[in-house]
Structures are given as structure tokens and as C-alpha cells.
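These are the structures in question, set out in turn.
One chain, chain A, appears in both complexes that follow, with chain B as partner in the first and chain C in the second.
And then the complex of A and B:
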């Protein structure tokens, strides 16, 4: 290789690299520094270097509750997405091509529609005078409305709607790499559908479930629009707390510290998950 | 090909209902003649669509979103295409790290990106400016463009380029006349996906807008958190129809499943 062709990739990526350094790395570093500054209601932000914001977050049960709720919501969303996404991806892979393209449109289309719009739909469905409660009352199944707005359950339901396409895509991609002959072989040897699903399909779908879970979990843990609209001030998660600190309380350093803790915990969970997956399923990804 | 049983069919139908219910409800509610949210609507009226015209702030916000989407997707493509060419062909030290860096906006929680941009732009006294907003969006949407362009670059046959070079074409001519046309479907697909992502973006944008640069999702969000009336439903319906129209267009040009599943992309 000539000298020119060796430096060429770097020349080509230099503009984007510069853009990312200035507009991504510098802002993140500034936010990290900001999280060590102190804030007072009258004096505003003073550029000190102290751990007081981190100590405040880590010593207050209020913040533990918020972090706990955020990760519980993300975990529940991930489990439900896997439970729905696995059978749906499997059925998708066996559908008639026409119905499959219709179904793919139903699965993927909502991804292109703003989360605000989709969450508005859930707010209309879940309200005390919402569509679901009205229907249940008209059917005589309930007398007083079931509270679903401003609950963690409502947030999980709407998040599943937002996230399940990612899970289905990941599992479907894994299933497409498999050989349909293995299923036929199992069937010809007398295995029943459930056995085929459990012994043949599930193991082959596993890499998809694992990578899909990672995407769904990290996106759910940092979701903002859905918990903000469906949870309001009553059911706070980390991202809505950061939002309040920055735009209402104006305590930017504390907000930055909370955000940094979110970033670190999400990255730690992702790295840990990858390690775990690589160790347990080392052969699957070959 | 084996076919699905009754259970599989019922499951798929229920799943489709679940996926479509919130959208159907929003569209249904927007046709109500009443002053409050009701579903199914008691009558059919375009009252709340007319009401959009009486709310110029929503129209202005939609206009900002449109301009922002076009500008940021275009700027991001200009940066992403050469980077994708560099990463997509051949190995060089640091290649994987470079790719991971360009895809990193997908990994960092969006709320963290939002406050980081807010901190940076307010430090420069540029918070709420259109250019600031546009550059931040260009960063967030870069991974989408990069992945689709990378997929086209990896599948590219290099013999045409070599032929052009051997006939004496300059680097720029080769790029303009041979490479770019060949990867154009990927660039267009990535541009559209980036445009839609920018057009829908809320979490980052909500931190860095000013009253004059408020985007449609931010305007809708702040309206919904205060009150829900059929107006937000009718505006959402227009947004849904706009997206559906765009989807059909993309399906024609590039193929929707290819765009979203990213055939060949990693």
C-alpha cells in the first residue's frame, strides 16, 4: 500500500470525526464536569469541584426509588417484549409471503410515527374515562374505572408498544439464518409442534432474543416521552427527573449528576450483558 | 413452507390490534364534533382540522420541523458518506473503533445527549438557534445514514471504479460518476430514515429549542402535558398521514423492509 492510500480512510472520515469530537465528546465531557459543580438557589451554578451532587443522589431514598422504578419498568418491558416478540417473530417466519409483508408493515410502520403521537393514543385508551375503561363498563365487567394512567403498569404497556418492533426484528433476523430443514427433520421424527418450538426454534432464536433484549432494555431505561406523558409528576423515572432538574428547578449540576449515573449504569448493564452472553453462548455467534 | 395454525393466526391478529389500536384511536378521536376527547366519535366533523388553521404556532412548529429534518439529514449525509466509504472498504487500524464512535449516539441515553447539547450550546450562547439544533440533530441521525450507506458500500463491485481510474478519471470524477450513483439507493434510504428520525425527535430537542425554534413534537408534547383536547389528535392525524405517505414513497424507491431491517447492514 502506498502512503496515500493508508491515510485515505482518515482523510475521508476526518470531517465526521471532527464534528463528533466537537459536538459530541466535548459536550459530554462538559456535562461530566458540570456534575461536580455546586448550585444554590440564589447564587446559581458555581464552578467548584465537589462530589456533593453524587452524595446527595446516592444518600437519598427518593432517588433510589426513581432509579429502582426506572430499571423495574425497563426490565418488565423487556420481558414482555420477549414473551410477545418470540412467538410473533416465529409466526412471521412461517406466514404466507403476502400476509408477512402486511404484518411487517404493522410491526415496522409505528416505528416511523412519533412516540408523542403513539403515547397520545395510549393516553386516550388508558384514561379513567378512556376507551378501555368505557368498554369494560359498557360490558358490565367493572363498576369503577381501573386506574391505568399515572401508573407504572400503563407506562410499561405503552413502552412495550414502542419497543416490541425492535425485539421482533432482532429475533426474526436470527430465525432467518436458521435452516428450515431442522424443523422438518424433527417433525418427520414425530416431534409435536410444542416440542419443535422448544427444542429447535427457541435455541436458534436465542441470539436474537438476547440482542433484542439489550436494545429494548437500554432504550426503555432512558425513555422520556412515554413516562413523561403517561406518568406525569406522579410516576417519575430517571429521564423525567433529569428534565425537571434542568428545566424546572434549574439545578443543572444535580441533573447532570443524575444523568451521568444513568449513563454509567446503562453502559455497565450493556457491557455486563454482552460479557454474559459471550461466555454462555460463545458458539452461537460464530 | 409450513403454515401457521389457528393459535398462531389468532395471536397475530391480536398483536396487530395491539399495534394499531393507539393510532386508530388518535385518528378516530380527531373527527369528533365535540369539544372533548371521545371514542368512537359521536359524529363526523372536520371541526378540529379547521382548528389547526387557527393555531399558527402549530403550523409554525411543523414548518420548523420540516426545515430541520431536511437540513440536518442533508448535512449529516455530507459527513456520513465519505466516512462510510472509508469504513466500508478495506481494513485499517482503528476502523472498528471509528465505526463504534460514529454509532455511539444510539447507545448514549437520549436524555444525556439532550443535556450535553444544552450545556454546550448555552456555553456558546447558541442555545435555541436553528443552526445549533440542526448540528445536534445531524449527530443523532448520523448512525442511521451511516448504517444504510455502509450496507451499499460493502456490496459494491469495485471493478467499475478501477476501470474509470485506468481510463484516467480523477478521484472526484470517479466518486461523482461511478461510486455515488452506485450507492445512491443507500444514501436516499438513509436520508429518509434520518429525516423521519429528526422530524419525530423529542427527548434531545426538548432541551435545546427556543420559542422561535420549537419543533412539532416539542409543541405537541408541551400541549399534551397541560391538556388533551381533540386539537392534538387532529394534528397527530395529519402527522400520521404525512408519515404514511412518506412510507409509501420510500417503499417505492428503496423498499421499506430493507430500510428498517437493514439488509446487509450489521
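And then the complex of A and C:
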């Protein structure tokens, strides 16, 4: 290869690289540096270098609770999405091509509407004087409203609604690569429908479930709009905590430190998960 | 009573008739091929026997019991799919063991049977491999072992060799026949490949437009096709349009393109007919003995044989000659052709629709 042709890919991808650098890496690096600065109510931010913000977060049970809650919400969302997404993706993959494209549009439709708008919709449904509680009370099934707003359960419910398309698409992509005749083969060998699903379909869908989980977990753990609206100031998750530090307390360095910790812990979970998956399925799938 | 009996089997998909009034009897241990072009209903027939499709009407009897109402999983048939349909997440061993596991056979017995089946298909050394790390021919053998290990009453093969390249396909034909005979299992093969059907089976059942056209030994079907469709589908042939003038016990008289020809006795009424003449039955002779003569317009060397196309008064004729290393006619050279009248096959003229 000549020097010219070797440099061409770099030149061609330069605009995208530059955008990536300016809009992602620079702010990230600045946040990282910010997290080592110190803050006082009267002096504001001083550009020192210390680990005091990290020590503050890691030595306070309050933050552990927030991190714990965030990951519990993300995990619950992931599990529920997988439970809903698997059968739905399976039906999709076995549908007539025409109805499949219609149903894919239905699945993807919600992504066209802003998360904020959809979450406000959930707030209308879930509130103490919301549609669900009103209906249950009018039916005489409950006397006092069930609390759903400002609970982790409410957040999980809305997050599942936001995230489930990603899970369906990931599993559907995996099922597309499987041979439907394997199910017939299992049936001819004497397997019952449930056995076919458990022993033949599920393992072949597994790479999709695992990659879908990766997407859903990381997006849920760092979701902001949904927990902010449905959790309010009462049920805090990491991203809303960061927001509060930045905009209410104005303690930017502490907010930066929490944000860095979230980034690192999500990254660690994703890499670990990926390792596990690769090791488990390396021999089986391309 | 035959081992497998299909009677009046019919399948309609809405207005489309896929299989119509199909009847076939297969004896125990026999190897029968369902041969036909794509869309002739052969796969649908197999699917009905396997239990993946419900017949619209008709009966399927296997070893004295009705199969129509039995779910696929309880029919106990061994099936080799066109795509092999191996379970990609299981090793060869686990694939083969699956059917035994479903039958609740204990681990020790299972291991013994799996080893036996893999021995039969000569894959014992690859038991721990995953399918994706194997070649097409090896996957084919695994599929066969998986179908045979459950000791099925009937083995169904759905185009099993169509995904292999030509050379491997020939090897696998011999292998498939050996395995089938060793296992002694009654086998029904679905294929569109006439060579495969002729090489493997005791009997060939030719299907066309959802109907059974003819079922006999491969030799019989090749030698005495019942229709011009079969004669062109099985092997190469020269199909000529002719008029039958007279016929008696001695022979018949035909007119083809204004030329009078002698033919064998025919059970046909005088009138327009189709004449089939196999290219290997035509000989190149001296000018004096010729039935027809004409120039060579095409000349193809195939290694073990030569293929000629010769322009004659009765139309272009395909001629096949074994390559014995001697000189063969050049392009454009006039050659003289002859054949004995009993090599002509007189067939009813096909309707345009059929």
C-alpha cells in the first residue's frame, strides 16, 4: 500500500473522529479532572488535586444506598425486559413477513416519542389520584390509593416500557440466525413443546438475550428522565443525584466524582458480563 | 399388508392442491424415493408422514397403526432435514443423544447407543465437536446418526444431499446406501435429483403436480417411462413429436417430420404421439445402414463420454458415446445414425396443461 492510500481512511474518518473527540472525550476528561477539585460553600471550586470527593462518596452509606438502588432498578428492568422480550421476539421471528414488519413498527413506535412525554404519561397513570388508582377505587377494590409514584417499582415499570424494544430487537436478531427446522427436528425426536422451547429455542436465543441485557442494563443504570420524573427527590438514583449536586448544591466536583464512579462501575459490570458470555458461548456461536 | 401404506393422501392449501390422491406402499426394509421437480408436492407428502402437516384427507398407516392423529413427537420417525437442523449449541454427542434422552433412556445405555450410532456413520472421533466446526458431509452424517439412534420404524430423508458439492454427493450416496442397509431401516427419500434417486433406491416414485406418475424400480422407470414428462425428467432423452400410423404385435409404423420410422408395438391409438429415444441407444454407423444422417452441430467432451448434437431430418438428436480413446466426428462432419426400433418409446402426447 502506498502512503497516500494508507492515510486515506484516516482523512475520511477525520470529521467523525473530531466530533467524537470534541463532544465526548473532552467533556469526559474535564469531568474526570473536575472530580479531583475541591469545593466549599464560600470559596466555590478550587483547582486542587485530592481524592476527597471519592473518599466522601465511598465512606458514606447514603451513597451506597443510591448506588445499590440504581443497580437493583437496572437489574429488575433487565430481567423483566428479558422475560417479556423473549416470547415476543420468538413470535416475531415466526410471523408471516408482512405482519412481522407491521409488528416491528409497533415495537419500535414508542421510540419515536420522547422519553419525557412517555414518562409523564406514566405519572398520570400511576399517581395517587391517577387513572389506575381512581379506577380501582371506583370499582371498590381498594379504599386508600396504592402508592406507585415515587417508588422504585414505578420507575422499573416505566423503564421496562422504554427499554423493551431494545431487548426485542437484540433477541430477534439472534433468532433470525437460527434454523426453524431445529424445532421440527427436536419434535420428531420426541420433545414436547415446552422442552423444545427450553432446550432448543432458548439456548439459541441466548446470545441475543445476553447482548440485549447489556444494552438494557447500561441504559437503565444511567437513565435520567424516567427516575427524575417518577422518583422525584424521594427515590434518588445515581444520575439524579449527580444532577442535584451539579444544579442544587452546586458542588460540581462531588457530582463529577459520582458520575465517574457510575461510569466505572457500569463499565466494569458490562466488561465482566461480556467476558462471562464469551467464555460460556465461545465454542458454540460465531 | 405393506409396512408403510399411504392411501388417497390429499393436501390442499386454500385453493392450491399440493398433493392429490397420493397412494404408495412401502415394504419393510425397502428404500423408496419420491422424485419430482420442485413444487411437485413431494416435500408436503414427507411433512404429512412426519406429522408437521395435517392431511386434508387420506390415510397414513405404519406397521398396522394409523398415524394421522398421532402428534409428530410420538410417531417415532427418524428425519434428516435438508438443512440437517443440527442443534448448534450441543456437541455431536449431545445432538445424537437428544432423542434417547427424550425417551427417558438411562445415561449408560444412552452413551452405548450414541457410540454405536457414531461408529455406524464413522464419526466416533468427533463426538465432542460442535456442528459449526464440521464440514457439510460430516454434519450430514451427524444428522443421520441422530435420526437412526432412536431406532425409527421409518427413516425420512428430505433432500439430504442437496447442500453438498458434486464430488462429496457421490461419495455420500454410496455411504447413505451402506448405512441404510446396515441399519436395515425402511427409508423414504425425497429428492429432485434423478441420479440420487436412481443410485439409492429400490423403487422410485415419480411425482408431478401433486400426483404419483409412476412407481417402479429405477431401471424400469428409466427404460419404460409412462409419460414424456418422466422420460425427460429421468436422464437425458430425445423427445420427438410423431404420428402413429399403424400398430400390431410385430411393430408399429410412425411418421416423424415427414419421415417414416419403424417402432415397437404400442398400446396406443393411431394419432399424434411423443417418441422418446435415449441418446446412448443411438449408434454412429456406415452410410448404408443409416436411419437418418446429418452434420454435427455441437460436440462436448465430458471425460468418460462424448455428447453430440446432430441436425437430422427428424430434428436435432442428442447422441452419447463412451470415450474409448478413438477418433470421434468433428464439428460440421456428416454422420450417419441408426438404432433398433425397440429402443423407441412411444408415449401418449402430453396435454399442454399437464
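Methods note: the second predicted complex is superposed on the first by the 278 of 286 C-alpha atoms of A that agree within 3 Å, B and C clash if a C-alpha of one lies under 4 Å from a C-alpha of the other, contacts with A are read in each partner's own complex, and residues count from 1 in each chain.
Keep this in mind: a residue touches a chain if its C-beta (ideal position, glycine included) is under 8 Å from a C-beta of that chain, and two chains touch if they have at least 3 such contacts.
Keep in mind that this is a model prediction, so the values were computed, not measured.
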When chain B and chain C are modelled together on chain A, clash or fit: fit
Partner chain in contact with A:270 - chain B first, chain C second, else both or neither: first
Partner chain in contact with A:38 - chain B first, chain C second, else both or neither: neither
Which of chain B and chain C A:121 touches, first, second, both or neither: first
More chain A residues in contact [chain B versus chain C]: B
Touching partner for A:239 - first (chain B), second (chain C), both, neither: first
Partner chain(s) touched by A:152 [first = chain B, second = chain C, both, neither]: neither
Touched partner set for A:188, first chain B, second chain C, both or neither: second
First, second, both or neither for A:262, with chain B first and chain C second: first
Shortest span in Å between Cα atoms of chain B and of chain C, once chain A is used as the common reference: 9
Residues of chain A contacting chain B in one complex and chain C in the other: 184
Chain A partner contacts - residues on chain C that touch it in the complex: 50-52, 72-79, 81-83, 85-89, 98-99, 102-103, 130, 132, 146, 150
Chain A partner contacts - residues on chain B that touch it in the complex: 1-5, 8, 11-12, 15-16, 18-26, 29, 37, 39, 78-80, 82-83, 85-87, 90, 92, 95, 98, 101-102, 104-105, 107-113, 115-120, 123, 135-136, 138-139, 142, 196, 199-200, 202-203, 206-207, 217, 220-221, 224-225, 228, 232-233, 236, 239-240, 243-244, 246-247, 256-257, 260-261
Chain C partner contacts - residues on chain A that touch it in the complex: 178-179, 181-182, 184-192, 195, 199-200, 203-204, 206, 281, 283-286
List of chain A residues in touch with chain B within their complex: 6, 8-10, 12-13, 15-17, 19-20, 23-24, 26-28, 30-31, 34, 84, 87-88, 91-92, 94-96, 101, 103-125, 131, 158, 161, 164, 169, 172-173, 180, 183-184, 193, 218, 221-222, 224-225, 228-229, 232, 238-239, 242-243, 246-247, 252, 255-256, 259-260, 262-263, 266-267, 270
